[in-house]
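Several structures are given next for inspection.
Both of the next two complexes hold subunit A, though its partner changes from subunit B to subunit C.
So, the complex of A and B:
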């Protein structure tokens, strides 16, 4: 059984390799101008060159830094605010509708406002990324808190638990699947907004790198940057789902 | 008891009123903030001179064109992957390798290949819309009651008829959910591309207002973009409930 899975995996990798080969063929035959489409060999060479000179590593770290700071701020603020709003019925009925109205807002639309407030600076990027990444977590936390089994609250009341104890011992664990799902979504949002902010404000990062490469028609560097961004997207999503599985293990076991 | 509907309005109205009063008291002079009355005036002005409507049209055309193209591609691939498990397993690595690329990273590629304008924006929106539709359609088709597929085999339906008469109707509620999510993404990506680089539509208009130091106009655009996002989402949600009733709630956790 396991062996079959392995074979399928291998076949699937072979197909992917086939597509890369096709890409190489198209580039070699110059079916698409090499100005727009470098072959995978050139993109790979550019990746290696970029890392050897340390340029690309700097940009990669820059983007990761923007993402991480914004996401971190958003996580803390989102969960704290969400817990505050979600744990009180009154707050929920006064605040939640306004939040629901704001949710479908394309977050990038606050970028001009942030630029007007902070200028083209790191704080602008931090504000935008945090503002964008907070929504999934905030709404997931509120939803998770609202969906706690009511009998657990009754138990807490009869045990005379304080409000803080209720939040930490009952509501947060019960809402954790929602919160983690929100956090996973936010990572993607943070990556996209980091790239946009870097493009707009010329901050050190992969977004700036790909834009400069495009302006100078260095398509190999451009593709190297895009590939790296894909790798970041893939690895962060993977890391989040591993963390999620590990943290939520207790839910599937026991009971 | 105060009705929920009124409670929902208390907070926004209170914020607007406090802000208006504060702005008047301190005689606000700012590049980033403006009192709500000035924002409302700027909104009316932008509607009267037509700039708001042109920008809205450009953004919505790009968003919906991208959504349609991405939707068709995603739907076709999703159905194919959902029906043929072999195909699904073979494509897995390829799809998982391309999917995590943030759509906005393609912006510079689209820019040098297609230049400024509708085409570049539509391409990026389409790329972003393919994935949610592909993934959800694949899951929806894969989750179809196996007995329905047996019936289609027993009736000796041609593959085209099988898709048309069995698969699409059975998976439709979840496919519609996918389209609703993708429509939201389409609008977000369109506005983002415009803000980042493309000189058309609402995103470009809000950037121009910021650079012209017109906070009232900028915030009016922000409000308008938010309203469009809200109306799009609410409209599609109502349509979903109306068209599919309880079936619409299947798998809707977002």
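So, the complex of A and C:
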């Protein structure tokens, strides 16, 4: 099994290296004008330069901050609301139709509303990111809480467990696989919306950096920004799956 | 010793019923599931309930647990009406896979009952080890239910129930899903656990031999609506033995009687 893992690691690394090589080749052959497509060498140089001057680090931290705040607010609100709605059948039947109406609404439709309400501010970004990122978590949490094995509630009743104990010892852990899956999805949503908000509102972050670089035809800087965004997306998803594996150890074990 | 065990049901306090159904009728979804059931279970008694599938055995047990309230009539425990589940009545569910917390180890699952009783964290570990040992799982404290066999999971559920220090143990076809060998082993374990704890037991099964082997008394339910159709006192000597008890002529006679009852009830 370990050998297979190693093999796949090596294979995927080789593919990635192949892409970079191909990219370098295309750039060197000038198949695409260097005004639009820098080679990986130039993108890398720009990355190094950006970090050396501190500019790029500021932008990176800006994006991470937008993403983290929005995701954090969405997580708290999504899990709390989802727990409330999911654990009560009456709540579910009252609220479900409204959710069905709101859920397919593209977040882009909410952005003008948010701009009208908050202006081109950090609050607008926070609102939009949280609004977009809350859905996967809200729906997953509702589902998780609604799907708790009723037998376990009977066990809880015959043990006279308190309401709080039932939530934290039974409902929440039972719903945790759903909740974590929702959280993983919404990290990505939060990243995308952070970039969109930075572009729209000119907030400090990689989105803004990418926009300015594109306008000034600084293609190396543009690619440096895009690469960083990719790295954020990759690392956050990786971190989430590590956390998931850790917390859900009980699921993978056994038959 | 044997005589003492045998007399347990008639010992001190025998006059008063611990679990008392009087004229209990239960309707669910507009249909009578159980009708006019009157039944006294004495402290320390081992009562078995048998009956065809769907006749209302589980429903009767849930009434005794306080998970259902009767439509009419009363269910009382120690002379007081049962209005809600009680901590000193433990229930072993048939579907052990659903009744255990899959995210907790064996240790954690037993701990749940002790946490609910408010036992200090410092005292729990020793008690849990003791309970796991009692049900034959001393080396599996760190395992998750998914890593355990059906028999082990059912043992674990029993350990959690014993952690409640129940006055009454209600068991709903606890060994129904297990193979014959595991089943017989667990029957003997339950008998010795119960003997040590003095708990009253109501044991639902569709296995007639199991009912006779375990019980002081066997009650058979008739279906649609569920009502008591037969009541047999089991005077087989204790401790019971998988070989000699099952070969006892009285055992065979009782088995025949129950078999005829079930046949007639299904006809």
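The working rule: the second predicted complex is superposed on the first by the 239 of 255 C-alpha atoms of A that agree within 3 Å, B and C clash if a C-alpha of one lies under 4 Å from a C-alpha of the other, contacts with A are read in each partner's own complex, and residues count from 1 in each chain.
As a working rule, a residue touches a chain if its C-beta (ideal position, glycine included) is under 8 Å from a C-beta of that chain, and two chains touch if they have at least 3 such contacts.
Only a predicted model underlies this, so the values are computations on that prediction, with no experimental measurement involved.
Visitor: Could you look at A:29 and tell me whether it touches subunit B, subunit C, both or neither (first, second, both, neither)?
Guide: In the superposition, A:29 touches no partner, neither subunit B nor subunit C.
Visitor: May I ask you to decide whether A:195 touches subunit B, subunit C, both, or neither, giving the answer as first, second, both or neither?
Guide: first
Visitor: Could you say whether A:211 touches subunit B, subunit C, both of them, or neither, answering first, second, both or neither?
Guide: The answer is first: A:211 touches subunit B but not subunit C.
Visitor: Determine, under the contact definition given at the top, whether A:2 touches first (subunit B), second (subunit C), both, or neither.
Guide: In the superposed model, A:2 contacts neither subunit B nor subunit C.
Visitor: Which of the two, subunit B or subunit C, is in touch with more residues of subunit A?
Guide: With both complexes superposed on chain A, more residues of subunit A are touched by B.
Visitor: In the complex, go through subunit B and note every residue touching subunit A.
Guide: 4, 7-12, 31-32, 89-94, 96-98, 100-109, 111-113, 184, 187-188, 191-192, 195-197, 202-203, 206-207, 209-210, 215, 218-219, 221-222, 225-226, 229-230, 232-233
Visitor: Quick check: in the complex, which residue numbers of subunit A touch subunit C?
Guide: Answer in residue numbers: 149, 151-152, 154-161, 165, 169-170, 173-174, 176, 250-251, 253-255.
Visitor: Using the touch rule from the top, collect the residues of subunit C that touch subunit A in their complex.
Guide: 65-67, 84-87, 89-91, 93, 95, 98-99, 101-104, 112-113, 115-117, 144-148, 164
Visitor: Name, in rising order, each residue of subunit A that touches subunit B in their complex.
Guide: That would be residues 8-9, 11-13, 15-16, 19, 35-36, 93-98, 101-113, 115-117, 188, 191-192, 195-196, 199-200, 206-207, 210-211, 213-214, 217, 219, 222-223, 225-226, 229-230, 233-234, 237 of subunit A.
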